[in-house]
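Consider the two complexes below, in which chain A is the common component and chain B and chain C are the respective partners.
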Partner chain A sequence: MASTTAQRRLLQEYRALTNNPPEGITAGPVSEDDMLYWEALIQGPEGTPFEGGIFPAELKFPKDYPLAPPTMRFLGEVWHPNVYPSGLVCISILHAPGDDPNHYEHASERWSPIQSVEKILISVMSMLAEPNDESPANVEAAKMWREQRPEYEKRVREGCRRMLGL
Partner chain B sequence: MDSDEDFGMSSEEDVLEDSENDNESADGTDFGIDEPEPDLGYTQKEQVKKEKKTFDTTFKVYHPDDIQAQQDDLIDEVNMILDIRKEDAAILLRHFRWNKERLIEDYMDRPRKVLEDAGLGPSTTGPPKLEVIRGFMCDICCEDEPGLQSFAMKCGHRYCADCYRQYLNQKIKEEGEAARIQCPQDGCKRILDAKSLDLLVTSELQNRYHELLTRTYVEDKEQLKWCPAPDCQNAIECGIKKKDLDRVVPTVACDCKHRFCFGCGLADHQPAPCDLVKKWLKKCADDSETANWISANTKECPKCNSTIEKNGGCNHMTCRKCKHEFCWMCMGLWSEHGTSWYNCNRFEEKSGSEARDAQAKSRVSLERYLHYYNRYANHEQSAKLDKDIFTKTEKKMISLQTASGMSWIEVQYLNSASHALQTCRQTLKWTYAFAFYLKRVNLTEMFEDNQKDLEMAVEALSEMFEKPVDELANPKLKVEIMDKTSYCNKRRVILLADTADNLANGAWEWSNGH
Partner chain C sequence: MEEQTINLPQLLILLLLGGLAIRYFFFASSPTTSQTRSATSANNIRAREADVERIQQVFPQVSRRNIMWDLQRNGGNVVATTERILSGRGLEPSQPDLITRYNLKAKLAEEASRRESSDSAVEEEQAKQKQGQAWSQNKGERQALLQRRREEMILAARRKMEAKVAAESGQTNQSP
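Right, the complex of A and B next:
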């Protein structure tokens, strides 16, 4: 029952995303057989060093979705304060209420069943533009972002190029 | 009440006690002893009728039933005056943090806005109910089978009953939310009322919800606080405001016997005021004293700044790290010492003497801190040990009854003594933290005399109290213990009254930039 709820809901979300895709975001299940595994492509937001880049990411949904949030991982290197070196994304919307690894997130910012894949991807896009350095997942990147902004931007731009194979 | 009897009995002995203590107590500490002082710190609550001390705080203990009744009264009142549903009245009161007057006033002026702000929106009538809507699909689980039960508040955001239940479960169980559970819809501010909740969730969750609601009542009201003792469900009402805390130390005693400060919730810390206690605890906890020790006991190599502790040997130092050779006394180059081997006659030079002065100062300040800290820690430790003894007191009293043939009421003096020991030690402990921050003036000396007197009495009582049972059976010792108990309690009252008076008048002078 639980897995059919997740399937049904994800199918619904997939349909909404394809019919009415938000700008700069494409996402969908990799195969029709496994609705719990998605891939997404996110465009680097304009006016940021990520501009021009296309960032592939995977989304893994738990069986009890939408009660629990999915996890999201970038598939290439993303130099960003809120992305772990492994590519795992750390933002509040991906944390279930009551599960606050850094003890400062407000419950209302976190995952709830009325959030959606679309909202996650939009949040991640704005996270790329505006990092939150209060609880960095990548301390080095946060330090660089805070103290040596030009170098941070340079490193991000280089990362974008590499990812595009330039 | 038995403890009061003890004091009544021993009051005639006081004159005797006083004359005995005259030679040991310093001059000027005896005033006040001759006044009849019937007070006993730990029975404050039973003595509302008696003369009120300056360090006593007026307070009231509320049991869970009282708290519920208070809420119900307020809700009923608002329900009648404003002619709105009880559930809505409850939500409005919680929104106004139980300030009934402000709620009524605001509601009279702009009812629509008040309802909107509190998350009630334009009101319609009709009790909440589950509904089956044709063609409905839940936005959370995407379920759309016919006959699906769904629920929506007046805001119209409809979800299936299962998802709503899941949501409430999460809010109540995981987040401990009750008074301000909003509609699940993102951004909708509508607040769920108790009736709707009761319709949706299991009875177990309902209980938890109402428990949490009661809790918000106490937490929302400034003059109410939970008793911090484990498993105690009482709340204390006290009118002391936050801004008064530099003038009074509002100690309250719950019916569960736990004594604590209403200002900060810590265990009784009279006579020291809250902010001083906070500072002191922080000082003891953080490593500022480690740094102090380092500066008092070590010097730095003049060349590479490595920290060096000299634990013996001559003054000719060779830094292990950078091989710099210097004189420990004057910190100058050793090569300049010429022929005066292993001796420094350059001691009086100005540059060196300044560095030495700074070091001497931090050494003195460390010693001063340790003086107060050791005594503070000692009383804390002793109070813990006395507590252990207190648990044994019960046994002691029983064996004393069998050994001496005394009756139950006749051995209660041990109980009072143990109580007195604990409260007095608690007070003494904090007098040391208090004294640490005092400037050296006359008032401080009087305080220290009071402190010394109480301390000596407590130690004497402590010693008597530990005597073996066969000695305790001696009627002479019994009288002595009773006298000492009463004396300790009196000295404590005097000390607390004195400090509280001066605190209220702002007479204390603080050192260390306090």
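Right, the complex of A and C next:
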């Protein structure tokens, strides 16, 4: 079976993530028959309302990965200013340098082939801890985060429990 | 006379094309009459898509996929889906939790019963698991390892969360 650059690169990243898994992250292809479709689990960062939670997400890679970035979508509710109600994650590392929908991101923060799945997942983890108020993907969550922080935290904590079936 | 014989193949082609065109325009919805069952299900899908379209015109912020999924789940009840969207929680939260998603009910029960047995057995197993943490050359083994890591992560988090919930409810019970 001929393997493309994307497949080779993703297999290499999968190996690195298996041998040297970052704290609180498990990621890999749903099936190695399709290397362009991954599932990841991210642990909620400590000291935040997400603490103790585990959040599943899907990663879809384009055929020309790593030239273009993957898309990442949480499976299930993640109440957060930078996560669309559909679960789609909106952070700069997932945007190619050419498309900056918000016109504020630095090129260095955006996607380039030297980034990786690991860096994306770590960025998403820190995004959970520190929302970026400049580009709300979920306007309601952003408003709640700004104006009613205790409610926001309560809703996030409830979400963590529900996700674990409690 | 000569002209007619020249035109005959052309006439045949014309007839054939005309026939195909009529077939295409008037019978496009059921291309194969033998598969009537698939035709009715195709009609259902079309009706479902029209419903999705209607809901999405009112709520452009909700994705097609979610609307489709919710309609599928409630048997095509447009009113119920509309109410779910209006309730403000969107259509997403009905995604299964992690225990259901990864089918961990049996593992949870097993773990609970094992907790009563000796700790040394647990430690032994943990040591055994540590051994198999490296990249395998075998695709199946890699898949199994990933699945095990995922399950361990979820079960550990669930254990901690359970303890936390228990501690919190204990506190509220104690306070007057």
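Quick note on the criterion: the second predicted complex is superposed on the first by the 163 of 166 C-alpha atoms of A that agree within 3 Å, B and C clash if a C-alpha of one lies under 4 Å from a C-alpha of the other, contacts with A are read in each partner's own complex, and residues count from 1 in each chain.
Here, a contact is a pair of C-beta atoms (placed from the backbone, for glycine too) under 8 Å apart; a residue touches a chain by one contact, two chains touch by 3 or more.
Quick caveat: nothing in here was measured; it's all calculated off a predicted structure.
A.B. asks: Is A:49 touching the first partner chain B, the second partner chain C, both, or neither of them?
C.D. replies: Neither chain B nor chain C is touched by A:49.
A.B. asks: Mind working out whether A:86 is in touch with chain B, chain C, both or neither, as first, second, both or neither?
C.D. replies: A:86: touches chain C, not chain B.
A.B. asks: Considering only the touch criterion stated at the top, classify A:31 as touching first (chain B), second (chain C), both, or neither.
C.D. replies: Touch status of A:31: second partner only.
A.B. asks: If you count the residues of chain A that each partner touches, which comes out higher, chain B or chain C?
C.D. replies: Chain A has more residues touched by C than by the other partner.
A.B. asks: For A:136, decide between first (touching chain B), second (touching chain C), both and neither.
C.D. replies: After superposing on A, A:136 lies clear of both chain B and chain C.
A.B. asks: If you stack the two complexes on chain A, which partner ends up touching A:66: first (chain B), second (chain C), both, or neither?
C.D. replies: So A:66 only meets chain B here.
A.B. asks: Quick check: in the complex, which residue numbers of chain A touch chain B?
C.D. replies: Checking each residue of chain A against chain B gives 5, 8-9, 11-12, 66-67, 97-98, 107, 112-115.
A.B. asks: List the residues on chain C that touch chain A in their complex, please.
C.D. replies: Answer in residue numbers: 61-63, 65-66, 88-90, 92-93, 95-101, 133-135, 139, 142-143, 145-146, 149-150, 153-154, 157-158, 160-162, 164-165.
A.B. asks: Of all residues in chain B, which touch chain A in the complex?
C.D. replies: 139-143, 163, 166-167, 170, 174-175, 177, 184-186
A.B. asks: Where on chain A is chain C touching in the complex?
C.D. replies: Result: residues 14-15, 18-19, 21, 26, 28, 31-32, 41, 43, 52-54, 56, 75-77, 85-87, 140, 160-166 of chain A touch chain C.
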